Amino acid sequence: MEILPYSREVYYYETDRMDIVHHSNYIRWLEEARIHLLGQLGISFPEIEKRGLLIPVLSAECQYKFPLRYGDRFEIHCRIESFNGCRFSLSYRIYNKSAEKLSGIGNSSHCFTDVNLKPVRIKKDYPDVFEAFEKASESGQD
Amino acid sequence: MEILPYSREVYYYETDRMDIVHHSNYIRWLEEARIHLLGQLGISFPEIEKRGLLIPVLSAECQYKFPLRYGDRFEIHCRIESFNGCRFSLSYRIYNKSAEKLSGIGNSSHCFTDVNLKPVRIKKDYPDVFEAFEKASESGQD
Amino acid sequence: MEILPYSREVYYYETDRMDIVHHSNYIRWLEEARIHLLGQLGISFPEIEKRGLLIPVLSAECQYKFPLRYGDRFEIHCRIESFNGCRFSLSYRIYNKSAEKLSGIGNSSHCFTDVNLKPVRIKKDYPDVFEAFEKASESGQD
Amino acid sequence: MEILPYSREVYYYETDRMDIVHHSNYIRWLEEARIHLLGQLGISFPEIEKRGLLIPVLSAECQYKFPLRYGDRFEIHCRIESFNGCRFSLSYRIYNKSAEKLSGIGNSSHCFTDVNLKPVRIKKDYPDVFEAFEKASESGQD
């Protein structure tokens, strides 16, 4: 199965007075790319949240390599690095497509909870989500 | 009763590549100033939401008169313009304290709902909130 | 010439604890839609800014009619309402495509300046931009 | 010299539909706390940027330990971990003051550049800034 990278142009309001994208937006883009990836793997965020499953962020980080400016298009390649039924982690490579440069490298880790942020055993309660993650983390996507 | 204006400095991430505060942040500042005002009037937003009363935004607008830049301090003078038990509106004057200029003029209107966004008659269900608004809208604060 | 509306899905980080899109994001979406419209009219924001022409916001407003939630797709129909060589205004209709409802109605007004925010006579200095606006404001687009 | 932690309340628009602060805002708060710390050390961000010195972010990360909700106050303890004349790094501890819990742990690293993002030797060009960083990184503040 081919996984498509996530891509869009920088929004004006994402820039700061340094004339580059403010670094905090990369963290938001990781979320956009993550949800785009999971959607392609058959895991619809809006749908699983309707079913009462939340996926909070345990950690997020980004290294900034080359700036993105207004008018630039970015592309994010995202992959699941680990999954153990309780937690999973992803890695991200953010490219400046206009400059054809690597703009940033990101990582995030997550767990599964109910709406009260109490941990959930998805193998038992959401077997379809468990299987999708299993399959995704086996097959090196991207 | 003396009402204190809302004031703080511009955050770096609130600027854009034009080297001024991005206009969308003024709309967020109106919310900061509104909650600050209501708090002084004895209406604690966190508390009334815990009690199941939401105050969604029906409209928001801002005219931009003079830019705010990084390092500037702004001050917002906010007052309740109308209240009829179901809806209320506020007006805002945003000052650039560093340049001693009027930076913007804003307005917002709001209603009262339950957590499902269904309208609520606060006179009956939240008499203390009703009275606080009554008192606030009579006495021209600010 | 057919003008395409601007459309995308709501991002997770655009929601608030009311479980709807925070109203301030609509003001950012107006900017996304505005730049998308001007692009279709042959006015590339990134390009004209490279040429030293800025288009600051003089006013922005939105009426909120029906909420947008996470997982919803919105579509914005945007048109130039007026243009006099110095200023222009736009109107926006934001639709919740998932609920097939009108979600909001917006307006914004703008002027033309140099990088120091000093007014610019685009007819003289940017005749191509002037003509594009002339043409766009004559032909009722949208 | 006593360094005061950075503290404020959560803004409504910083929450998301999970009813907690969206994780990306912590990255913005690190910037607020960083600038607050440097200000206390005699390094005024607005002033050094006026002098042409920029301090871009090389990396930023946060581990999320305990949520912050609307109505909560946070407090950030920030310290310079390293400084070598070209780069520096900071560590952050974000506390939920309302719950009296550690909410997050952050790190960021930075370099010094001119307005074109070209590296700058601050020892030569900004000796006062160099000395302030020297002094701050020696004396374990916080």
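Labels A, B, C and D are assigned to the chains in the order they are written; within every chain, residues are numbered from 1.
Operating definition for what follows: contacts are C-beta pairs under 8 Å (C-beta built on N, C-alpha and C of every residue); 3 or more make two chains touch, one makes a residue touch a chain.
Only a predicted model underlies this, so the values are computations on that prediction, with no experimental measurement involved.
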| item | value |
| --- | --- |
| B-C against A-B, pair bridged by the larger set of C-beta contacts | B-C |
| Maximum centroid distance from subunit D, chain identifier (CA atoms) | C |
| Between subunit C and subunit B, distance of the C-alpha-averaged centres to the nearest whole Å | 25 |
| Whole-Å separation of chain centres (CA-atom averages), subunit B against subunit D | 28 |
| Inter-chain centre distance, subunit A versus subunit B - centres from mean C-alpha coordinates, in Å | 34 |
| For subunit D, residues contacting two or more additional chains | 12-13, 17, 24, 28, 31, 49, 70 |
| Subunit A to subunit C touching residues, read off their complex | 11-13, 28, 31-32, 35, 45-47, 49, 70-71 |
| Residue ranges of subunit A touching subunit D (in the complex, touch as defined) | 17-18, 20, 23-25, 27-28, 31, 49, 54, 56-64, 67, 117 |
| Complex contacts: residues of subunit A adjacent to subunit B | 12-13, 15-17, 19, 22, 24, 69-70 |
